[in-house]
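Data first, discussion second: the structure below is written as structure tokens.
Order as written gives the chain letters A, B and C; numbering starts at 1 within each chain.
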Amino acid sequence: MEILAAAETLRVPGAVDLAAIVIGALTGGLLAAREGFAVSGVLLLAVSTGLGGGLIRDVLLADGPPVALTDTAYLPTVAVTAAVTFYFSGWLSRLTGLLVVLDAITLGFFTVIGAQKAQLAGLPSASVVFIGTVTAVGGAVIRDVLLAQRADIVQPGPYNAVAALLGATALTVLAGPLGLPPLPVAALVIVLVAALRVLSVWRGWEAPVALDL
Amino acid sequence: MEILAAAETLRVPGAVDLAAIVIGALTGGLLAAREGFAVSGVLLLAVSTGLGGGLIRDVLLADGPPVALTDTAYLPTVAVTAAVTFYFSGWLSRLTGLLVVLDAITLGFFTVIGAQKAQLAGLPSASVVFIGTVTAVGGAVIRDVLLAQRADIVQPGPYNAVAALLGATALTVLAGPLGLPPLPVAALVIVLVAALRVLSVWRGWEAPVALDL
Amino acid sequence: MEILAAAETLRVPGAVDLAAIVIGALTGGLLAAREGFAVSGVLLLAVSTGLGGGLIRDVLLADGPPVALTDTAYLPTVAVTAAVTFYFSGWLSRLTGLLVVLDAITLGFFTVIGAQKAQLAGLPSASVVFIGTVTAVGGAVIRDVLLAQRADIVQPGPYNAVAALLGATALTVLAGPLGLPPLPVAALVIVLVAALRVLSVWRGWEAPVALDL
């Protein structure tokens, strides 16, 4: 039963993981193309935003080489995505509205995939929330670091890390104390994270800044 | 005997590790609050400065997931510390003098914890010094990278990495060739590192820059 | 046979790995000295450029602590190299032309060492290419991140990541489908990468930037 649940948990992300990675790689590659980067820069940013969060997650979970390296599909998928952004950046840039929505759904997927993998590794709840959030925003942080610009997620602006953090916390509560099955929990959390992200971009919601009581 | 020594070595840092992490998280969170960061930025900087050095250490030692994730106390402690800095940054900022001293002691603790863990992993002396230093300054390096500013430790200024490096070297000599027991060695090294750091801030000592003979 | 081939593969890089690390550490330490960094900065940049690529490689391959920590020679070698650059940066800077050539050969060596290690770990071809490239350019990326400047390899300019990528791809094809023995493949790839790098610096070749078809 325990093992069946685990298998079920992993099979679902496995099927959609690649789609999320394509969206991540697409946003990274597009940014690189717009910045006038060389082909190596487009590849590096596509790899970083598409696979970066998962690489950090798997290095921290310390259960062998990251799935991005052991799975034969991940790196070729990112390379093809990078090639598409390399040649069609102008055309793809017109899809900004669609990309905001796809990117928000990707944020939700990465949160769920990370949190569930940390749960399967038997980590405590706070670490599950941490790994879920890091998986979701890690790629964007690596991207910002490589561009030598302040990590986007530390600054006031639309929910990003905050949406992932709330989603990972919801997942921990729903799947832990409440004991709901993994599939509906995953669906709920993806919708929650994506909705928080899209609404915050659309309505101009900003993560709160430090007060001084 | 060997096992007793190892247990003794680890028990002491375990008891004070959390205090050092609170100080580290406090300085990171305060900096984020002063910079006007969002709540996600305050959390990220508190996690980075409080746990960053230990995360790098444990990833390099490759002995399963980092203790920051397997221990149930670390992440909640950092989260609470971040919340305190989020709401009381103005009040806490008045404690600058105290924070310099506490930060110096933390530098010493992290040096000792890192170096002893590397010794227990059976690494050669140079690696023990390296891991001790990286544990001590790794959090500050991650902080600077996330802020997109030049790593503080590469620039001339009060001893920081230099103090940790000298402390880790002292620990290697005292615990290795001289064979002193771990507890007094740890105490000596913490005092040495903290004193070097505080004195260099107070007296304006600066790490030497490259000469050209 | 399989084991003999593996042993042969590893023995050769083992013998020259240190020379490549000295060159890497030299270029990093020289840069730090020219920037007026403190002794800690010279050490950090020497470690980053000399060992950074290999550290990332070994963390991703997840087969115990990185060889830079378990081998007794690596860190002391880097420390001595850093000390030399610390005291003789002016004199060494006159060797720029020689350093371009040595640096190009080092790029080839790191590519081969990384790719062969990934092959021995049984990773798929795309991951072998990825690890080879990351080993070759990882040190330079860490250096740029610590200096808070845009990663050199993302920007248009002489082949660097592109040379490593082509070399790692050539290695994968020659050693995989074509089944050539590791030694001649290694020699060929090192010459290829070094020649691409030196020629692109000399003739002003630049990696292509994104088009918009």
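The rule we apply is simple: a residue touches a chain if its C-beta (ideal position, glycine included) is under 8 Å from a C-beta of that chain, and two chains touch if they have at least 3 such contacts.
All of these numbers come straight from a predicted model, not from anything done at the bench.
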- Query: Mapping chain-to-chain touches, which pattern fits: line, ring, star, complete or other?
  - Reply: complete
- Note on the structure: Two copies, chain A and chain B, superposed on Cα atoms differ by a rotation in degrees, nearest 5, of 120
- Distance between chain centroids, defined by C-alpha means - chain A, chain C (Å): 30
- Item | Residue numbers of chain A (touch at least two other chains) | 59, 62, 145, 148
- Item | Complex interface listing, chain C residues touching chain A | 59-62, 118, 121, 123-124, 126-127, 129-131, 141, 144-145, 148-151, 153-157, 160-162, 165, 206-213
- So, in the complex, the side of chain C touching chain B is made of residues 32-33, 36-45, 47, 55, 59, 62-66, 69-72, 75-76, 79, 85-91, 145-148
